[in-house]
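The two complexes that follow have chain A in common; it is paired with chain B in the first and with chain C in the second.
Moving on to the complex of A and B:
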């Protein structure tokens, strides 16, 4: 109950914008006493919200906290599905791990797990993802798409497109995609996306998209081995970026692109992906477990597979680390 | 037992040679390679455990692949072996990370929900479950190998 009331209260403030809302109006809308309204507003204040209270006028929200919190992510979230079931924790070992547990316990599509800090963030093949400081976005989104199993890798390209668009809308920064879904600024890694699927026979049970975004890190926040290859949105923008805004815009873009995909298939996603992709038409090196291939990237096929024109003909790349140039 | 790579090399060597028939026996494994009059290679491998999925090198396709088909069909004692197949095209990973040991090996007991491997494409990692209770008899592919849709990955003796 508590969190529902809080959610409704934030929604009210969100709709009111700069206007005052009377205590009576809030208590009517929430169906609780004015004393309870006051208590909830006190709790918001404790989270860092600045709420102005004026006699006879009511309450007005002046400032949101810079700190990430459940309320902060809900405040102004315009999606219908994505992120509406929200699980927020200040600290988690890994959002991906928590999302797995929730997915196994019937969490609905659109469930989002967010942590301010991760103590054991990970990338693919259990590689460590540096996410200990509370200055990035670490989140995992649960999907339950009714699509053929072999099509699911397309969702990783869709996620990359949604993240690029969300970052542009939230922070006005242009980012690039490196096949299949690394997101770079000036060639340095800014976002990593890890997608994991559980399936039975030919049916998808759940797809969990883990997204790690370097938002407010400054050069010295990265460990030495990452300093030359990683960057953050803040470094590109030259100012601090509101993390909740980044999450909200990405979720909204994701919801739109996911709807496009479910209605029209992969083609609209493919066109967008190619418009953001780095190195199409130029030479690149693809390191795979079966050797390294060098050639001109022709683009992706209708499944999202990278087509590389090598001396031995066109090579289809399903899994690789890509080096541009 | 010979691995697929060694068999490929043997086929290639025999294909390029004037040898008509080649028989190899070791520790209960017998491999017989025989050329037809047309000059193609026939692959027959009979192992006590299970047949290796022999993919003929391109030089002898497609006749050799057809000839290989009988070898893929399990001998009588293997009829109730369950095949775990790949649901998509991608890279086969036997373990969760390069440092970790494989999820399963021959002899591992599994149940329906045991994760046996990962198949990955475009950085989507698909955890493949056994979907049958029993014992892994053979791992048919190697770590890092690109697998096709429907390709058998494991043979399981179902309980």
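Moving on to the complex of A and C:
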């Protein structure tokens, strides 16, 4: 109830733009007392909204918080499932870790864990993921797909497609995918996706998709070792980007693509993925644990495996670091 | 035996010869498509031999563990 009222209140303010709305008008629109209106406005202020109050005129919203909050993410979220069960914390050791715990405790599909800061953010193979407060989107989404174990890697490609589309809708920026799921702007890493799963023998119990997005970092916000290889949406756009909007658009795109996938299978996702991927049709180098292979990237197969045309024939790449060119 | 359900690189093996393992236990982690995929034992028993080592490329259906006294 409470969060519905707050959502309506923010929508009222958004519609009013620069105009003041009287306390009476707000209380009529929300169907609550003027005292309740005042209390809700106080709560918004605590979350970092700047609300101006002028006698005889009423209230107007001056500034939304740059800070992330549960309300900021929830208001304007147009999904049916993804992110509707929302867990937000200012600080977590890792959203992925919390999501695993929630998945073990029967959290439903679409549960989203978001933190403003991670103290132990991690990437693949237990690598550290730099995730300071105030600038990024650090989130983990829980899925419970009824698919065989072998199909789950397709979801990591689906996530990459959804992130590219969500970023384009939220910030108007075009990003590229590097196989299988790194997301780059001008060759610099902007988004990392870590997909993990919980399995029971041959069955999927849950898939947890961790997404880390550099949103508002400026070059000096990155540690020295990342300065040359990482960038942010804000650096590409030349302006500050609203993090809640990025989350909302990605979740909506994810929900649409996930529905396509569950209905039509992997083919529509594969085609989108190939259209966003860097280097398809050109030469690339794949460094694997069993040697380095060089050849023309033909695309991906129905499992998402990279197909490389080398001098010794077509090589299937399951796991590798890719160098383009 | 405990077999591998999908192709990829064997990243971590959690068990060694002589270990008692239980049905449902995670015995290894596979890496494919930059995902970590747990390999879960579908039966209990004592590990007689670990047939693959960390870093190996494995195919769907490959045997990972030979077990003795195995029970479903």
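Everything that follows uses one rule, which is that the second predicted complex is superposed on the first by the 272 of 325 C-alpha atoms of A that agree within 3 Å, B and C clash if a C-alpha of one lies under 4 Å from a C-alpha of the other, contacts with A are read in each partner's own complex, and residues count from 1 in each chain.
Rule of thumb we're sticking to: a contact is a pair of C-beta atoms (placed from the backbone, for glycine too) under 8 Å apart; a residue touches a chain by one contact, two chains touch by 3 or more.
Just so it is clear, the model here is predicted, and its values are computed rather than measured.
Participant: After aligning the two structures on chain A, examine chain B and chain C and state clash or fit.
Facilitator: clash
Participant: Using the touch definition from the top, say if A:127 reaches chain B (first), chain C (second), both or neither.
Facilitator: first
Participant: Quick check for you: in the superposed arrangement, does A:265 touch first (chain B), second (chain C), both or neither?
Facilitator: The answer is neither, since A:265 touches no partner chain.
Participant: Return first, second, both or neither, reflecting whether A:76 touches chain B, chain C, both chains, or no partner chain.
Facilitator: Neither partner.
Participant: Check the residue A:289 against both partner chains and state whether it touches chain B (first), chain C (second), both, or neither.
Facilitator: both
Participant: Which chain A residues contact chain B in one complex and chain C in the other?
Facilitator: 124-125, 149-150, 152-153, 156-157, 180-181, 193-202, 288-290, 304-305, 318-319.
Participant: In the complex, go through chain A and note every residue touching chain C.
Facilitator: Its residues touching chain C are 124-125, 149-150, 152-153, 156-157, 180-181, 193-202, 288-290, 304-305, 316, 318-319.
Participant: Could you list, by residue number, the parts of chain B that touch chain A in their complex?
Facilitator: Per the stated touch rule, the residues are 87-91, 93, 96-100, 120-127, 129, 131, 143-146, 149.
Participant: Which residues, counting only chain C, touch chain A once they are in their complex?
Facilitator: Chain C residues touching chain A: 5-9, 11, 23-24, 31-38, 40-42, 55, 57, 60.
Participant: Can you name the residues of chain A that touch chain B in the complex?
Facilitator: So the residues of chain A in touch with chain B come to 124-127, 149-150, 152-157, 180-181, 193-202, 207, 288-290, 303-305, 318-319.
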